[in-house]
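This is the structure I have questions about; it appears just below.
Which chain is which? They are A, B, C and D, in the order written, and residues in each are numbered from 1.
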Amino acid sequence: MARTEQQSNDRFAGRWFWRFASPAQFYPVAGMIEKICWGLALVLAAVGLYIGFFRAPTDATQGEVYRVIYIHVPAAWMAMIVYLAMAFWCAIGLAFGTRLSFMMSHALAPTGAIMAAVALWTGALWGRPTWGTYWVWDARLTSTLILLFLYIGYIALAAAFDDKKKGDRASALIALVGAVNVPIIYFSVQWWNTLHQGASVRPGSSSMATVMLTAMMIMTFAFWAYCVAVAMNRVRTQIIERERGAQWLGSGKGIKP
Amino acid sequence: MLELNKVVIERGGRALFAPLSFSAAGGVLVRVAGVNGAGKTTLLRALAGLTSVESGTIHWLRKVSPHKNSRTSIFIGHSNGMKDALTARETWAYNEGVDGNFVTDAEIEAALHKMGVASLIDRRVGTLSQGQKKRVALSRLFSSSAANAAWLLDEPFVALDAATQILLAQHVSAALARGALVVLTSHQAIDIVAERVLEIELTPWKRGDA
Amino acid sequence: MSLTVAARAVFVRELTLFARRKSDWANPLVFFLIVCSLFPFAIGSESEKLKLIGVGAVFVGALLAAMLTLPRLFDEDAKDGSLQHILLSREPLAALILARLAAVSVALALPLAIATPVFSLFYALPTDVALTLAVSVFIAVPTLVLIGAIASALLVSARGGAILTAVLVLPLTIPTLIFGAGAALKVLFGQSPAAELALQAAYLLFALALCPLAAAAALRISTD
Amino acid sequence: MIWESWSAFWSMGGRGFFVWGSYGALAIAVVAELIVLRSARKRALEESHERSDGGSL
């Protein structure tokens, strides 16, 4: 068998160094990034909301309810960006087998799922006064819903394995399969949407005053900083949990809490 | 020729046994001993290439065999790996076919005869007894593609009656005599005639066994 | 040459298993029948309303029926140990999996596709709609089997089983659902289903190219 | 400051329920996530101390 012909474990030996060195070293770095991002998120959110609520004018057509856009659109964007980041770390993890990459993808998944859920919730609350129904089968809302399914699938699969190592790689593979399918799903939902409804009014597509736009952009960065901070926090927690395993294997590297 | 160097295998984040190193040439009977759950089956699966090792290396050094696509090792596990709905002949055709080898009926009958179950060739595996199933599974040891293969047997004597156990022991001795390497795990004390025997004891992993 | 021998061995074995074990394709058919017959009870029997619901009900029914065979793909072989043969084979695992999925698709898509026009009678669907639906089911089932193989391979050694397989697979079958049912709806409204069927077939080819590789990687991961 | 009074701000032109319903949901999600993060971290730290002073395997 090719596999056992020379089952020398250079693939594993090569990883030996990576596996024990990088998580322990990354721990303080993650701590620093986390602190910076918390600060960034708070400041940007404060500024964004202030401009959004106290500087931006009332919208001509939708009155005040459009202000939900300041969290609806950033949440939808982050749901997509976090999924792509997750898929990226999964690809790195599968290619190099470094546990840290899998920790990153596991750290990102719950936040991404929350972002998708928030986008759907705010989309529904926005839809009610604007189109009369809580749920509109709008192409982007539907795609965010499917993205939420992909997140749930990833998290459920990662939890279905007792063996962490296997769970990491299995969930990484389904994240990649999902990521490859996202553009196709977006296209087919778009096709399906125009088939049935014709171009429906897109939330936020009406020409937005620049001040509204700046508020939304600031909020997007605030969301981004928030996601990074939460991810770093989860990575640090995972490092504590998993490195405890490494100590047990005799790596001898003390981990300061 | 098989060479292991500080092999550690993990299951669910825990190392199964202390780093293992040994080397065994053709004609050696390697007996793997260890308490239940010590990792005997997992070790055999790793030797067969079904499981990857956490650290350390497993080397199969093979002299170039005349038969183009012959196997390095043949693994007969606890579960016989046969579908109840298929007959012994079909199982054989599939097991060998999957490896790209075309197998003739004569070869199947000869192999089954070695384990004394030639008459069951067209019986559905589901209708056979545990012992008969085991013997059909073991008959694969005599396929032409396994001519120079090492035998990896996990508890082969289980479910076999006394006469068949002796028959299998003789086959193992014959294989050893013609230079095949046999790695065997068994709780039953079956004496097998073998010049060189290597006893491997899988001891639990202790902290500090780097 | 030896790859064709191996692929043929896998293909023949799969079809023999399907032939020997009637329940492997009969159960999905019965399930499909029951699902199709449920909706009229919920919607009422006037044919006008049923006609609209019919296309979606029949198509989703076929998809769910095909889902029933996914656990059987790798789980059963892992439990009785016969999975080791393809894992240990010298031939590329992806090719063997492809041969296997081809056999499963043929053995499953044919009965479901043949049954589709028959079950469409529940919904008073015109024959041209029913036939388009049969074609789109015939394309959808292999797509689902290909995608389902990845989830089934991943879940070989995990808890979760059928429900988790559905959670992983169904979101990925939405394109084939949209285009498949869309094709029949187009015919219902008197338009040509060519575009939808073409897109659905394109998605099948896309799955055909990627899924065996992903399923092979998944098997390596889960049986390691 | 475009709002005449705080009450106008809260009423959001009659759409207060929907606007503050959305922001409330976001706030709940963020707070819940923070709580989960802190408890997971605390548990991991406790187990890690237990493990390291526990010492013997």
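In this section, contacts are C-beta pairs under 8 Å (C-beta built on N, C-alpha and C of every residue); 3 or more make two chains touch, one makes a residue touch a chain.
Everything quoted here is computed from the prediction, not taken from an experiment.
When the C-beta pairs in contact are tallied for A-B and for A-C, the bigger tally goes to A-C. Distance from subunit D peaks, on a Cα-centroid basis, for B.
Centre to centre, using the average C-alpha position, subunit B and subunit D are separated by 57 Å. If you average the Cα atoms of subunit A and of subunit B, the two centres end up 47 Å apart.
One inter-chain figure worth recording: subunit A and subunit C are separated by 31 Å, centre to centre, where each centre is the mean of the chain's CA atoms. With centres taken as mean Cα positions, subunit D sits 17 Å from subunit A.
Residue numbers of subunit D whose C-beta contacts span two or more other chains: 57. With touch defined as above, residues shared between interfaces to two or more other chains in subunit C number as follows: 88, 90, 224. Within subunit B, residues 48-49, 52, 207 each touch two or more of the remaining chains.
Contact residues on subunit A toward subunit C in their complex (touch as defined above): 1-2, 94, 146, 149-150, 152-153, 156-157, 160-161, 163, 166-167, 169-170, 173-174, 176-178, 180-181, 184-185, 187-189, 191-192, 195. Within the complex formed with subunit C, the subunit B residues making contact are 48-52, 69, 75, 77-86, 90, 93-102. Within the complex formed with subunit A, the residues of subunit B that make contact are 10-13, 15, 47-49, 52-60, 62, 71-73, 207-210. Only residues 1-3, 9, 12-15, 18-19, 21-23, 25-26, 29-30, 33, 37, 40-41, 44-45, 47-49, 51-52, 57 of subunit D touch subunit A when the two sit together in their complex.
In the complex of the two chains, the subunit C residues touching subunit A come out as 88, 90, 147, 150-151, 154-155, 157-160, 164, 167-168, 170-172, 174-175, 178-179, 182, 199, 203, 206, 210, 214, 217-218, 221-222, 224.
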